[in-house]
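Heads up, the thing below is written out as structure tokens.
All chains are identified by letter, namely A, B, C and D, in their written order; residue positions are counted from 1 within each chain.
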Amino acid sequence: MNRQKIANIIDRKSHSNWICTAYDWFMVSTILISLLPLMVMKSHKVFWYTELGSTLVFIIDYLLRWGTADIRNDNRKSAFLTYPFSLMAIIDLLSILPAITLLNPAFKLFRFVRLLRLTRVLKIFGISSKVRLFMSILYKERQVLSSVLVLALLYIFVTALILFNVEPHINPYTGQQTFHSFFDALYWATVTLTTVGYGDMCPATDVGRFVSMLSSLFGIAVIALPSGVITASYLDELRRKRDR
Amino acid sequence: MNRQKIANIIDRKSHSNWICTAYDWFMVSTILISLLPLMVMKSHKVFWYTELGSTLVFIIDYLLRWGTADIRNDNRKSAFLTYPFSLMAIIDLLSILPAITLLNPAFKLFRFVRLLRLTRVLKIFGISSKVRLFMSILYKERQVLSSVLVLALLYIFVTALILFNVEPHINPYTGQQTFHSFFDALYWATVTLTTVGYGDMCPATDVGRFVSMLSSLFGIAVIALPSGVITASYLDELRRKRDR
Amino acid sequence: MNRQKIANIIDRKSHSNWICTAYDWFMVSTILISLLPLMVMKSHKVFWYTELGSTLVFIIDYLLRWGTADIRNDNRKSAFLTYPFSLMAIIDLLSILPAITLLNPAFKLFRFVRLLRLTRVLKIFGISSKVRLFMSILYKERQVLSSVLVLALLYIFVTALILFNVEPHINPYTGQQTFHSFFDALYWATVTLTTVGYGDMCPATDVGRFVSMLSSLFGIAVIALPSGVITASYLDELRRKRDR
Amino acid sequence: MNRQKIANIIDRKSHSNWICTAYDWFMVSTILISLLPLMVMKSHKVFWYTELGSTLVFIIDYLLRWGTADIRNDNRKSAFLTYPFSLMAIIDLLSILPAITLLNPAFKLFRFVRLLRLTRVLKIFGISSKVRLFMSILYKERQVLSSVLVLALLYIFVTALILFNVEPHINPYTGQQTFHSFFDALYWATVTLTTVGYGDMCPATDVGRFVSMLSSLFGIAVIALPSGVITASYLDELRRKRDR
């Protein structure tokens, strides 16, 4: 098996064969297995072995990618030098680090870096192009969408500030507090604006309820804005594609 | 009453008469009656009789459909042989099976198959064509919509994983756990992303709340995407219809 | 003051003056005052007087409308005969009936009929034309929207049926029931589909939670459909108006 | 430093330099610091100093703006007289007032006026133009959107009135009340219509649940209307911009 073949398997191209697909599935499975310790309550002895195995796979994958860096980058020899500093290579390297938790548990948090490797799932389902389409819509409308975001954050801040001062810090009837801190109020305002509405914190006074009524009604408009912007932009994209 | 007439009654055509409508309503009523045991807490003796009656109706309906299979399929005689292997015939057969619960309760679960027969309701209200329109929109946009679905599932997985590790397994203040298992976290993430927000599980720590704030804000965009795609596609359909 | 003038005041025309506006506001105030007994917990003596007063106003309004029926209907004398059988006249008459509760409390429920008179508020704010626009959109898309409604109801029924059977009738851990009746399950399914998610009933088992996760994800599409249909239709309306 | 320079720094123009940005950030920080006492539970001694400092900054800012009023208004000398009566100047003056709480706590509420100064954040992020775009959309569609608002309010009132009378004032099973007052019912109806659904108040009777099911299903249409109107209007705006 020469280096060209390995490069083809690692980097799926348009003319993909079953080995590419198998390799991608194998890598995603390995990532999921390596994340297993994060999905259980208590540590288990078997994780020692899964960690060892998945780390080995990650190291081999890393070395294979490094070793074929020149082929995968238009045969530029300098790719061998620049590869370790590319974003994906750093992510790959960081996702190997948690294995050191076998020695020192402090590196456990690095395991979350492996989540970034899950973007490979997009490649398996062949939806990278669609995701790029969404990204291009978000990018094209970045000014409008970021304005909506700033407005929404401002709105959350103002609502939270009003509610935090309107609600009694100690409710005379129930003897309980609605908000324990200003952060609680911010959390409540976000949960209300996005219409999630858990209900773990609710305004208990009439004034607080009135403000939250106003804010949830007004919030519909805030929510409708990004929705409308994305719809309009997507429709535009559709039309342009047809005209071509 | 000849076979042609029966075929006309069973398979409602555009020139439907009141007998067709009556037959459809009768079948839907029978299906609903046969589902009654699933809608009550305790079993009741009267269900023995409703089960017997509805099963008889289903058997007769099945035989009538089989007996007129050739007429309903452009007079091809081979339809007699292929009919029992068509999807609708298998559903019809499976929906007769639960009657054996009169003998053995283990078949009770097959009763859910009868729900599939409820698609007949669409025929009664004459909305099959509209449902086909929705289906065609979903089919035409299947790549985009499935991309959104994969993204949403990925998003749910990542949010759940973060929250599951961020939330303390035993809350020092309340002595309660937010999530009892990783599945709980997945359930929470789905309920939050879809803005249902039951509130049976809520983040209790500040870090968890911060992550859930970010995720619910970002979630609006995830929700807005399918909405926008469907709107744009429907608008497209409307315009194409007018141009014709 | 002749009959023509009264007719002008009662039925606001495009060339409305301040007396019309004052009359409309006066009537809406009277309706709201007459609804006051429905907005408090305990009956109060003052309601006897408000009821008497508002009923008198309703009776005078009714008589004035009857007395000017011919003028308000292109001077057709037959309007005197047909007026009491028009929809608005029947509503007006029914809204007088609750006054008999002064004699017999059984008529109290008729008071809700007065809510129908609140449509007069639309006239005050001059939004009748906009409401007609919405109505025309809903009417034009009635086939699609009713299809969505039937689909949503079917969806609610199926989800409720599955959840009702999947959830244990008596939870082994908490000793509580999730649903007390099939109606509870229907209520839960509706609250979930519309993403309200009160949280007074939540699935407690893993299977139930899995079904509700699937259903809430799928529910987004069900919700997006009417939204998309209305948006597309409104956009269509806007364009047609400009082309004219 | 002459007056022209100060005017340039205070009123950011298109050719903004780093001093303008720094000044804007400094003012926003001062506003946030001056709001700190509203974000904590207990008063703290340090707030006495932050209040003093921020008030000094506000006074200087106010004087600088007054002193350069003529330059910032096309060199009209009359601007010195009219400036104190402009909306922004009144807001600026009112935001200085809370400092008197150092003497008399009754002025504490005026601190909320400072929130209005946060609109300066929009200037920092350069999104004033986008906000004006949203405002113009809302203004152009003001008739339709206000109609939707009136309809929604009417809808909330009617739903609340029905639920308030349908729900027992004292539940025979739990011994609890669903609503303590009509205002509670209004709050519930708003929370339901906007699909926030906290769950702190839920209908407990079957009739109440049935009404709330109907209302939440119907509510989707009410929510879809403003969303559709905004989307359509934004799309219109996009197209007009391209045609130019």
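The rule we apply is simple: a residue touches a chain if its C-beta (ideal position, glycine included) is under 8 Å from a C-beta of that chain, and two chains touch if they have at least 3 such contacts.
All values reported here derive from a predicted model rather than from experimental measurement.
Visitor: Looking at A-C and A-D, which pair shares more C-beta contacts?
Guide: Most contacts of the two pairs: A-D.
Visitor: Taking mean CA positions as centres, which chain lies farthest from chain B?
Guide: D
Visitor: Copies chain B, chain C: same or different interface, half of numbers shared as the threshold?
Guide: Mostly different residues.
Visitor: Go ahead and note the Å separation of the Cα centroids belonging to chain A and chain D.
Guide: 30
Visitor: Taking the mean of the C-alpha atoms as each chain's centre, how many Å separate chain A from chain C?
Guide: The separation of the two C-alpha centroids amounts to 43 Å.
Visitor: Going by the touch rule set out above, which residues of chain A reach two or more other chains?
Guide: 195-199, 223, 227, 231, 233, 235 - these are the residues of chain A that touch more than one other chain.
Visitor: For a test of understanding, state which residues of chain D touch chain B in their complex under the given definition.
Guide: Residues of chain D touching chain B: 195, 197-199, 231.
Visitor: Can you list the chain B residues touching chain A in their complex?
Guide: It comes out as residues 143-144, 146-147, 150-151, 154, 157-158, 161-162, 164-165, 169, 181-182, 192, 195-199, 202, 206, 209-210, 212-213, 216-217, 219-221, 223-225, 227-229, 231-233, 235-236.
Visitor: Given the complex with chain C, which residues does chain B contribute to the contact?
Guide: 35, 38-41, 112, 115, 118, 121-122, 125, 127, 130-131, 133-134, 138, 145, 149, 152, 183-184, 186-187, 190-191, 194-200, 223, 226-227, 230-231, 233-235, 238
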